[in-house]
Structure formats: C-alpha cells, structure tokens
Amino acid sequence: MVKEIGSVSERSASTDVSMTTSGNAEEGKTEIAVIEYNEPKFLEIVSAGEEEYLKDRDASSVTWINVDGVHDFEIVKKIGEKFGLHPLLIEDIVNTSQRPRCEYFDEHVFATVKMIYSKEDGEIISEQVSILLNKNCVISFQERKGDVFDIVRGKIRTGKGRIRKMGADYLAYSLIDAVVDNYFKVLEDIGEKIEAIEETLITDPGPEILQSMHKLKRGMIFLRKAVWPLREVISSLSKMESKFFKKSTGIYLRDLYEHTIQVIDTVETYRDMISGMLDIYLSGLSNRMNEVMKFLTIFASIFIPLTFIAGVYGMNFHFMPELNWKWAYFFVLGLMAAVAGTLLIYFKRKNWL
Amino acid sequence: MVKEIGSVSERSASTDVSMTTSGNAEEGKTEIAVIEYNEPKFLEIVSAGEEEYLKDRDASSVTWINVDGVHDFEIVKKIGEKFGLHPLLIEDIVNTSQRPRCEYFDEHVFATVKMIYSKEDGEIISEQVSILLNKNCVISFQERKGDVFDIVRGKIRTGKGRIRKMGADYLAYSLIDAVVDNYFKVLEDIGEKIEAIEETLITDPGPEILQSMHKLKRGMIFLRKAVWPLREVISSLSKMESKFFKKSTGIYLRDLYEHTIQVIDTVETYRDMISGMLDIYLSGLSNRMNEVMKFLTIFASIFIPLTFIAGVYGMNFHFMPELNWKWAYFFVLGLMAAVAGTLLIYFKRKNWL
Amino acid sequence: MVKEIGSVSERSASTDVSMTTSGNAEEGKTEIAVIEYNEPKFLEIVSAGEEEYLKDRDASSVTWINVDGVHDFEIVKKIGEKFGLHPLLIEDIVNTSQRPRCEYFDEHVFATVKMIYSKEDGEIISEQVSILLNKNCVISFQERKGDVFDIVRGKIRTGKGRIRKMGADYLAYSLIDAVVDNYFKVLEDIGEKIEAIEETLITDPGPEILQSMHKLKRGMIFLRKAVWPLREVISSLSKMESKFFKKSTGIYLRDLYEHTIQVIDTVETYRDMISGMLDIYLSGLSNRMNEVMKFLTIFASIFIPLTFIAGVYGMNFHFMPELNWKWAYFFVLGLMAAVAGTLLIYFKRKNWL
Amino acid sequence: MVKEIGSVSERSASTDVSMTTSGNAEEGKTEIAVIEYNEPKFLEIVSAGEEEYLKDRDASSVTWINVDGVHDFEIVKKIGEKFGLHPLLIEDIVNTSQRPRCEYFDEHVFATVKMIYSKEDGEIISEQVSILLNKNCVISFQERKGDVFDIVRGKIRTGKGRIRKMGADYLAYSLIDAVVDNYFKVLEDIGEKIEAIEETLITDPGPEILQSMHKLKRGMIFLRKAVWPLREVISSLSKMESKFFKKSTGIYLRDLYEHTIQVIDTVETYRDMISGMLDIYLSGLSNRMNEVMKFLTIFASIFIPLTFIAGVYGMNFHFMPELNWKWAYFFVLGLMAAVAGTLLIYFKRKNWL
Amino acid sequence: MVKEIGSVSERSASTDVSMTTSGNAEEGKTEIAVIEYNEPKFLEIVSAGEEEYLKDRDASSVTWINVDGVHDFEIVKKIGEKFGLHPLLIEDIVNTSQRPRCEYFDEHVFATVKMIYSKEDGEIISEQVSILLNKNCVISFQERKGDVFDIVRGKIRTGKGRIRKMGADYLAYSLIDAVVDNYFKVLEDIGEKIEAIEETLITDPGPEILQSMHKLKRGMIFLRKAVWPLREVISSLSKMESKFFKKSTGIYLRDLYEHTIQVIDTVETYRDMISGMLDIYLSGLSNRMNEVMKFLTIFASIFIPLTFIAGVYGMNFHFMPELNWKWAYFFVLGLMAAVAGTLLIYFKRKNWL
C-alpha cells in the first residue's frame, strides 16, 4: 500500500477533535539527535548528520536516535531502511493520525504512542511518537521539536538512576514511562479546571459554563482514545518477554501498566464527575426556574384580586350604594388587606414562601 | 435454500435506513471488466464477453474480474459455477442486504463488504461488494457501476507501487483497503457537517437543527452496522494465514485492521459528540425559557402593584380623603416610583437582573 | 420434575408482554400431518391417525410429522415416548413459555424456537415451535394451526429446490429458516409503523404518539427476548457438526446464523431509532412550550405598561394638572404607542420575535 | 475467621434494601424435621430430637433434614460438625446476608440460595436457605418456619412423580427448583402491580405513582441481586457432574438453569418496562404543563388588550373627543369583540386551540 | 524507574477525589511495631528499634512487622532491602496513590489495598496499606497511625480463634479481611445517609439535597475505584495456591472474595438507589412547578375576565345606557359571579382543581 503523504492530512482531519494536533507537520526542519551510552561512556550529538545516525553500531553501548519532525519522508525512509523497517511502518511513522499500537518483528519491536503535553501558554498538544527498539538501539520519531523526554535525557547525561546500567529495552521503557507520566500532569490541569467549574456551578452558573463542561467532556473522549489503546500496547509489551525486553525490565512494564490503568481510571472518574456536574447544572436551571415561577405566582396572585376589587369600585354605575357609605373606602382598603393576608397564609401553608 | 430474487428487496427494505442503497439494482446492464497482469505484463478488457471472463487462467499472472451489476442472476451464476462457488453464496451476491462477512473454502475465500462513497452531488451511497479470492484470481461483484477502485486500477495500469509484483491476495487486500479508505472521506464529510451544526447551535439554534442532529445520529447507526462486522472480517482474514493470504500480506491486513479500528473510533467519537450536542441544544432550550420567564416575571411584577395603586385611586367612593389633598397625585406618583425601585433592587439582589 | 399443565399458564402469564401469545392453547383439536419423501417419492397425510404417526420408519426416506396443538398432553407424550424423548422435554413442549434453546442427545437433537407471524387482521402472533430431529425424521410441535411453513411444504410437494434430495437435517434447517425469514416480514411491518410515527412526529405530534412509541419499544423488548437466544441456538447447531447435521448442511446453518444476526441488528437499530424519536418528541414538547411562553411574554409585556398608564390617568385625584391640558389625551396615546414600539424593538433585538 | 453473631446483623443492615428480611432471626425456636425415604419406605419426624437428626445413616435411603431457624448457633454447629462442614460455612449459614453461591468439597456440596415468597398478607419475604448435599443426605437450613417446599414434601409423602425413585441429588434439585418456581409467582404479582400502575398512568397519574414506580424499581434491583448469582450457582452445579450429581439429574439441572434465565429475562424486561413507564410519566407531566400553559396564554392574551382598551376610556382627561360621541360605547364594545375574534383565529392557526 | 517522592503528591492530587486522603503523609514519626507468635509463644514490641525489626527470624514462629508512616523513605528502603523487595515496589509503598494490586515473586507476595475507615468525628479516611508476605513473616506498611487491625491484634494477644495456630498466610488474610470488614461499616454509614436523604426527599426537598446526593454519588465512584481492583487482588490470591498460601487458607480467601463481591454489590445498589433518588428529586421539581403553574393559571384566569368587566363599566363614555339602569350594578356583580363559577366548573372538569 503506497499511501501518499497528501492523504495523511485527510485522515487526521477527520479524527482529531478538540485538541491541537500537529496536523500540518511540515513546519521546521527535521533534526536528529544521537545519544550513545553505556555505564562508563556517554556521547551526545544534538544535531547529527547522516553519517552519524546511519552508521553501524556495535552491541557494547546503547544508542538512542531521536528524530524531531517526520515530514521529511526521505530522511525517515533512509533511517527506516537502514534499520530494516517494513515500508508500511515507514509510512505509518509519517502518517501522524495512527492509533497507539505495537508490532513485533524478528529484529525489532515497533510501537506508536500519543504524547500529550501542555506548552508554556497552557495549550495542550497531542503528538505521535513512534518508537523502534532493536537489540541495542532505540529510535524515536516525533512530529516536531519539544517533548517530555528531558527527564530521560537528564538521567542519561548525569548517570543518575539505573538507566546507564541497563539496556536499550529499559530506555524504550523510560520513554513510554515519560509519556505516561505526562498524562498525569495533563489530568491534573483538567482536574483543576473541573474544580473551578464546580465552584462556579454553585456560585454563579451562567450558560457559558455549559460550553466549558462540554469542552472538558470532549477532551475526555479525546484522552480516552489515546490511552485505551496505549493500555493494550503496554500490556502486550509486558506480556511478551521477547529477546528485546529482558525479564528484569518486565516488572517495570507491569508497573507502567498499572500507571496506565490509573490514567484510565482517572479519565473515567472525570467523565463521571463531568456528567454529574451537567446534571447539577440542569437541575439548577429547573430550580431557578421554579423559584422565578413561584415569585411571579405569589406576587401576581396577591395583587390580582386586589386590583379586581379596586376595579369594581371604579365602575361608574349611578346606583352603587356602597359608594355613598362614609367608611366604605376604608372598609374596602381593609378588605384588600384581609384578602392579601389570607393569600399569604395560604402560600405559607403550601410551603411556597 | 432457494431464495427468489423477489424476496431480496423485501429484506433490504426492512434493514436499510436513512441512506440510499441501491435497493432497485435492476437498472443498467451488467458489465464485466477483466484485468490481467504480472510484473511485466498488463492486459485490460473494459467490457469483456463471456469467452473472456470464463476462460481458464494459468498461474503465471493475476486476474481481476470486476462485475458491475448483480441483477442478472444468470451471469452471476455462470461465473460462480465456473469458479466453484457454493450456490448459497451465489444467492448472497445477488441479495444486496448482507452483513459484511467472510467464508473460507478449500479453493477460495469469499468476503462481502459495504462500499460507502459519495456521488458528485453529495449523496451518500452504500453498495455491497462481494469479493472472491482464489489462487490467482480476484472476482469482485458490485451492485452497479461507479466505485472507489480507480486508485487500484491506476496503480495496476501504471505499475506504480507494489501491486504488479504481488499476488492475487495483495489485490484483494488493495480492494478492501480502497473501501476502508473511502470511509475516511465519508467521515470527513460528516465531521464537517457536525462542525457546521455546532456553530449553528451557538449562534442560532432553531428546531430544524434537531432534525439535522437526529439525521446524523441515524447515519452513525448506519455506518456502525457496516463497519463493525467489517472489522471482524478483516480480523479473521488477518489471523488466518491460509494458502490464499501469504505471510508477506499479513502486515498489510493488520495495518488495514488498524484503519478499520480507527474508523470505528471516529464513528463512536462522532456519536458521543452528537449526543453532547443534543444535550447542549436541550439545555439551551431550557436556558432561553428561563430568560423569557425571568423577563416576564420582572416586568409583570413591577407593574402589577403600580396598576393596583392606580386602581385604588380610580375608585369612585364619595369619601376618599386623599383625593382632595393637593399634592396627593404627585405623592402617589412618587410612591409608585418607590415601589418600582424597591422591586428592582430586590431582583438585583436575587441576581435575576 | 412433574410440572402440571396448570402451572404452565402461570408462567406464561408472568413473562409474555404486549403481544398475543397463545396462553390459552386449549382451543381446537390436535391435528397431526405426516409428510414422507425422498427424491422420487412423496406422500402426504394431512390429518394422520395414531397408526400413521407412530409407525416405524426406515432410513430410505425423510419423514416430517407436524403436530398442530400441544394442549393434548397424552398425544404429545405418546409421540415423545415413541421417539425416546426425555420426559422433561415432553413437558417443555407443552409448556409454551420456554426460551428458545436446544438440547443434544445420543439419538436426537431437540430445539425450541419462537415463531412470530402476523395474522390477516394485522395482529402479531408469537407461537412456540419445538423441533425434534433424529436420523431420518423431523417432528415439529406447534401451539396451534397456522404457521409459516407453507413455503417448505410447497417445495417438498413440487420437488423444487434441493429439499427432496437432502436429508432430515436439511428439513429441520428449512423449518428454522422459514421461522427466521418471517421475522424479516414482521420487522418490515414494524419498520413501516416507525416511519408512519416519524412523519406524524413532525406534522402533528399529540400525546397519543407517545403511547404508540412505547408500544413499539415494548414490542422490541419482546422480539429481542425471542431472537437473542435463537442466535445461540443456531450458533450451537452450526458449530456442532454432529451425526445429525451433515457437513453439507453446515453452510446453510452459517447462512441462517447470518440472517439471525441481521434480525438482531435490525431490532437494535429500531430500538435506537425509537429512542431517538422519543427524544425528538420530548424536545418538540419543550420547543412548543417555549413558543407559547414567548408569545405570552411578549403580548403581556407590551400591554402591561400601557394598561398601567391608562390606570394612572383613571385616578380621581382632584388636582391632576395633566387632565386639563388640551392635547394630553393624544399625548398619552402617543406615549403608549412609543412604549409599545420600544418594547417591540427590544424583543426583536433579543431575537424573541 | 471467627465472626461473632453480633456482627452478622450489622452486615445485613447495610445490604438489605426495601424488602423485609429476617434480619432479626432470633424469634421462635429452632425446629428440625427429618424425612427418610426410598422407593418403598417413607418416614417423617416433624419435630426431631438430637438423637434423631444426628444419628448415622446408611446408603439404602435418602434423608432430608430440614432446620427451621438458624439463630441457635449451637444446634447448627452440632449438625455441621456431624456432617463435616467447614467451620467457616457453619458461620455462613448463621450469617443470613450471604450472596447465593456454592462450594465443593470431597464429601459434600454446599449451596446457599435466596428463597423469595409472599406471606398471606401480601408481604414479600426473602429468606436465606443453605443446602448441604452429601452421598445420601440433604440438609436444608432456613432462617425460620414457613417455606416453599410443601410441594416437595407432598410428592415424597404420596410417592407421586419420580422423587422417591431418585437419590439425594434429585432431592437437592427439587428444593432449588421449588425456590425458583416461587420466583415466578412473585414476578407474577409484580407483573400485576406493573399493569395496575400502567393503567393509572393513563387515567389518573398523581405524584404518588412515582413512589410506587420507584418502589418497584428498587424491588427489581433486589431480585436481580438474588437471581444473578443463583444463575451462576445452578450453572456451576449443572456443569460439574460430580459424584453427587448423577448424569441423569444433569438434564433437570439444565432445565432449572433455563428457568433461572427466564426469571432473569423477566426481571430485566420488567426493569425496561418500569423505566419506560417513568418516561411516560415524566412526559405526561410535561404534556399537562403544556396544556395548562396554553390555556393561560390564550385566556390572558385575549383579555389583556380588552382590559387595556377599557382602561383607556376610563381615563379622566377633560378633552377626550370619543367620550362624547353617541355610539362610541357600542363601537368600543365592537372593537373589543373584533380584537378577541382576531386573536382566537390567530391561536387557531397556530394550532393552540 | 526512580520516581522522586516529590512526584508522588502530584499524582495523588490528580486522582483523589472527594474524600480525605493522607496526601501529605509527612506528619508524625514512623513507628514500627513487631508481634511475634506461635501457638504457645507471644511477644509484642509496640515501638521497635532497628535491631528488632531487621533481625533474622526463624521459621518456628510468625512475625508481623507493622510500619505506621511511610514518609521516611530510608526506613522503608532498609526494611524493603532486608526482605528482598524490588526497588520499584519500595517506591510504590511510599507513593500512596497506587491502585490495589498484587505481585508475585519467588520469595514473597506483595499486595496493596485501600483501607477505608471513619475517624471519631465521622470523617472518612482512605489509607493505602501495603502487605508483604513471605514464608513466616508479614510486613504491613500504613500511611500513618490509626487502623482497623485492632481486632486482629486482640485475637493474637488473647489467643482466641484460630490465628495463633495458623501460619503467616492466615495473618495476611486476617489483615485484608479486617480491611474488607470495615468497608461494610462505612457502607452502613452511607446507607444511613441515603435513608436520611430519602426521607427529606419526600418531606422537604430543597436544592441543598441535590448537593448531598451528588456528594454521595461521588463517594460511590471513589469506593468503586478502591473495591473493584481489590476484588481482582483477592481473586488472584485465592486462585494461586502458592507456597505462601496453604490449601487450608484457600477457603478463607474464597469467603473473603465473596465478601468483596458483597461490598461491590452494595456499592452498585447504592449507585442505583442514588440515581433513582435523583430522578425522584427532578420529577418532584417538575411536579411542584406544575402545581404552582396550575394555581396561577386558575387564579389569574378567574380574575382576568372579572377585572375586564369592571374595566368596561369604568369607562367614561357619556352615553352608556347600562350605567343608568337601577339594578345594573347588582346585575354586573351577579354576572361576575356567574363567570367565576363557570370557570371553576370548567377547571374542575379539566381535573385541574
């Protein structure tokens, strides 16, 4: 299947909803960073040339090739072919609207995940990260610059933690773990928004709050679509103790799996909370409506008979005996007060006041 | 089971909803196109005669026989019998209201899918495509002329891509892939309609928008019915590495499976979005109702006591001392202003203004 | 478990909902028809006596014994015992509120299905059909006369189609197929009712439409209860290639299974459509309510201040300077027109007009 | 785990909802009945002493020990220990808030089910029945006197049916069958209540009907909790052809399983029906609201302009030329009639009348 | 994966909802209690030093090391390393927002559960308890002082029950059992709150009741998240009859499993009940609204025509013959009474009174 890059944006258009995705990935230049390390050694090339990222590697050290920007099909293809990647997968790297998934081959494992993170200005970004793991090499393809892997880079550089002592499989795990960890951060932001909306719900619920709630709800649909297949990916990786994932890495993957479940749990909880808030909002509307109606009813019902009485004595009949009685006026005023009082007591009894 | 063709339209009547299906397939003449190719060779007969589409084929090249129009039972039967198709399946080809499914036999694989595409005038068409794959031959039966296979034909003609180098199984895959690819296009159209409705929802939500939303919702039900069983078909094809599907085609089928899942995901997301919009619409109704009620309440509540006061001094009692006071009129006007002001402050406090 | 026939009606009372079932099956006389055939031979006894339906049969031909009316426990028991049926199953034949199911024995297969068909007057009837299949004999027990098997009888009589060439298993399949085929007819009727309701929904939705929708909804619940277990029955029959179902019949059963799935799909689609219509109905109610409220609000709001103004100048104060101004009356009329106009413009701006 | 009896009532308090359970089982004295039988022999001791229910039994006959009242922990413990019951199960017999379940041991099978029946005064009772089956003995523990087993006792006494010819496993089956049979009776009662409510819904729906519906709904939740696990119990018993359940009893258990499914089906159908009724009730509310609103709108809208006109000519301006015209009064009355007529025609057109 | 403790509170922030969790566990000092026992021996150290909780143990007795407070990473790490715990699990003990789960190793089983209990002031606390079980030792890590294990301690101290005769696996079971038992207590509290709300719903439903219901609903979401994974933990423990859990403990675990199911059942029942109450509340709102509307309609509709009549005879036309008729005034009063009476009868007929 030769899928032209042109058809890629078509697909992404139809499936990406309510969050900014880098649909138009053609911006900027592809940059490739190479990090090579083992316990004693550490070598980092921030912007590597072709001769560096395509050269042969031996098994003594772990190499991480990070590709920022997948719009340059030629570069991706060159790397893919160098590492024996199936042509279809090369296309899938470039097509940035894939579902998270993984594929097993004799020589490598290929996984696609969705990286979700927020920029400085609060905007939430979804970006596809494809990870290729073979014996001693991890290659990560990102849609563009900017990612959540700085913590991993930091650990490799400083040699803190286990990572320098472990193999390429642990590096691959670390990258996916960094992605999942960032989900928690995004969820935390969303949690804060939910709390803010909840407070507004009680104090001052206007119609614009409905829009916010539906926006959040849609964001949840979006997150779900990213994280449910991710769960399957990690589950499948942790079950398959292949030659790529050592037994010692298995426990890390199971731990990561637990974290993914936790993300899903939180997403589902937030969904439940948001629909709960929708219910509160709607019944709040009904409640306020009721209050308004009650006020009108009480107010109108008290004055309607009084106005009627006033109307009766405003009639111009020549023979209306009451009109000539001396205290009639005050008696009628008294009658009006009595009617109003009776109605007030009635409403009080009805519990409408 | 001999099912007369007459009974076919009955079934389709009861299950096809809200999209045009070619229930009446009897229009036009059955046309059969034959394409024969291998890497060096390419032969195309646009409108083949019986001697051409029924002749024996050797294994050196791949043959694609495309039948446009299945209303001519005799032709379908002749082809079916030539290729050893079970009589029941011949009937199923003619009965155009089948669910997508596949059947395995010793000599061939038989699959039915729903092709969904839009005509130039925007109308969406659902058409049943039955595909028969044996060792070196693919036969596709369509309800009528017009399909989504031009991209496949183009690749075969020009020799671009892999298709000329691959076997009949790859051709069968390419046809189903073209069908699934077109789902994305249709979904994109629907996505645009959803966006248009969303905008109208906020700016000018009339009752006719409800009709549009329910139409979309029903379209989603329809798509779901086409695509869920398709998923099973492709899953079953990709799992069964029979003699018909070579191992090298397996990865294409798995990729196709992923695309089908993506279609399903999008359909489900759209369903969620549409019900979200329904909720917004309904609570918008309530909101506007509330606003109207509040206006009436405030307006009426302010004037009701004023009118009452005016009524009191319109009474014709002979002895009403206030009537003779010089500034009484202006005092009463002042009283009215005071009452109105008090009420306005009260409503302000109640947050109704 | 000896379950007296008396307890049967009890059960049926509690589970049969909204469709006529032959709860009281004691009407009419049990009639037994025997058809015996093979490819050359055909023998039919429309109303067979005991010596005919109980006589021994050899394997050279297929026998179909159809029992209309199961209220005569003695006859059912005699037949059951002749064919080695378990006493419990004999009771289940008589108890006409069984779920569709099947049981496998060494000597025969026993299946219960729900036949659903409409009488000439449009009434929908649900009737339990128990089918016993052994080596060369099919016995069908129906609650009473009238069924959907005429098409099968016709084919046997005329020798059209495959049936005369096939064994008893094909006959059993044909009977169940006739039952399932009739589901499509009933669904078609329901589909027409749904369409009729939909049209009424838009043109003239009265409260009685709600009743119709809920009646349809309940009918769907009823159909679901009949067809979901039927699916399992056919699935289990098609999976179990026992000595009773030959391999060549397997494809027919799988085809039948597909039809059952199609019935289920349609039932579920109808359910979705009906709840969609309920939503439309309810939001239509809200919409009309809104319209009524808006009219009242606008109308009342315009006249309320005018009436107030009239009230003010209807007061009888001795000193009201305006009353003596010459053009005061016309000025006040003009003021009223101005107020009304202002309000109309306000409502226009609010988009309430 | 030694769970004191005191803690038992705590648990039952938190889980028993909306139906009377014998939470306080300490009433009355524990009574133990022993029935011993085989085909020729029958022996019944209505109120057995310790020496009778604890004596050793041989395999020649079946013994049924029925314990009414489980509050006397000592007696239950003695019997339990005599029959080798695990201490934990002895506690579970006494703790009457268990879920239906079964446990398999080398020497016996232990099952707990919920017996549901109605007393003479219509009250519905839920009672826990624990059944212990070993080689030739069935022991049933009930919370208190009064059960649904009289039909079983009758059959044993009179020797009618199969029971005297069968073993202890058939007796255990018969007891559970009697329990399930009674579910049908209870469901029938509920079905009648549903029908009664349905009729009221159409004729005279007051707010108290909502309470009844929610009571029924909650009853359904309760029944579900009893019957879903029961299904698993019977399924597990029917699948496990242990040394306790003979092969010949298997078909009875499968039949019982079908009945349980039927109970579940009915419960689910009732749930659907009740929520359908809730919908009808609520939209009925809206409908009536609409009717009331329409009346007010029409009525008020007609009189509001008339009253305004009257108000205008009630003004006391000195110069109001119309007042002096001779037929002005009648002209104004005519004007009022015209306004009212115009409005009536308008409402008619709007379809509000 | 080295996860800094700092990142722990982040996660807990995003997932803990509506109940107090000990997010800030840094309060107080870590205290470690050691209990060592076998059937004859009992030794308890309430506040053990390092030499005591880290010393080697022989297999003759069972040791329970209870750690109150996990904020001191060093102590947890020391204990973890002493008992061969994987570094990742040591981190998970400290990270108090884990889902309940269990992990199996060669030398030990590790399980995490959520302890839920109420403090004296009614506040509900959720606390993570990690339990490590090896051959003859149980180590429990709690977030802080205060737990539900006093009943276990009591039984060990006094030697009542089975615990002193059983191994470490029974101790681990007892701890989890105590946790689950406390769920029942918390559910009982919630059940009482539900009952209180139900009563208020009928007598005096204000808007604040909605808040309470949503709070309860959210509490249920919270409990579900704790108890569903717990079910899996216990199920997996009871299925795996490893060298740690003896066969004799199996029945206790299955019993515990049943209790967990009961907790889940109750939680689900409460959820159903709460949404039922929400429905009652909302339809109660509609009902009251209806009542208010009806009152206003009736009241206004009666006075509107009367006031109109009064207005007519308040007009100042010079020529109004009725005004001079003698009994006109009383006739008009009578007319008003007649109009009011007619309307009252009409409303009565409409069933609005």
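Note that the chains take the letters A, B, C, D and E in the order they are written out, and that residue 1 is the start of every chain.
The working rule: a residue touches a chain if its C-beta (ideal position, glycine included) is under 8 Å from a C-beta of that chain, and two chains touch if they have at least 3 such contacts.
Remember, predicted model here, so these are calculated numbers, not experimental data.
**Student:** What chains do chain B and chain D have as common neighbours?
**Tutor:** Per touch definition, common to chain B and chain D: C.
**Student:** Quick one: chain A and chain B, Cα centre-to-centre, how many Å?
**Tutor:** Going by mean C-alpha positions, chain A sits 26 Å from chain B.
**Student:** Please report how many Å separate the Cα centroid of chain B from that of chain E, as a whole number.
**Tutor:** Computed from C-alpha means, the inter-chain centre distance equals 42 Å.
**Student:** Two or more other chains in contact with one residue: find those residues in chain D.
**Tutor:** Residue numbers touching two or more other chains: 286, 289, 293, 296, 300, 304, 307, 311, 314-316, 320.
**Student:** Based on the touch definition given at the start, go ahead and assign the chain network to line, ring, star, complete or other.
**Tutor:** Chain contacts: single closed ring, each chain with exactly two partners.
**Student:** Beginning with chain B and continuing through chain C, what order do the ring chains follow?
**Tutor:** B, C, D, E, A
**Student:** Spell out the residues on chain C that touch chain B in their complex, using ranges where they run on.
**Tutor:** 155, 160-162, 173-174, 177, 181, 184-185, 187-188, 191, 202, 251-252, 254-255, 258, 261-262, 265-266, 269, 272-273, 276, 279-280, 283-284, 286-287, 289-290, 293-294, 296-297, 300-301, 304-305, 307-308, 311-312, 314-320, 352
**Student:** Spell out the residues on chain B that touch chain C in their complex, using ranges where they run on.
**Tutor:** Touch residues, chain B against chain C: 1-2, 7, 10-11, 13-15, 17, 86, 88, 92, 97-99, 101, 103, 207, 210-211, 214, 217-218, 221, 225, 278, 281-282, 285-286, 288-289, 292-293, 295-296, 299-300, 303-304, 306-307, 310-311, 313-316, 320, 322-324, 326-329, 332-333.
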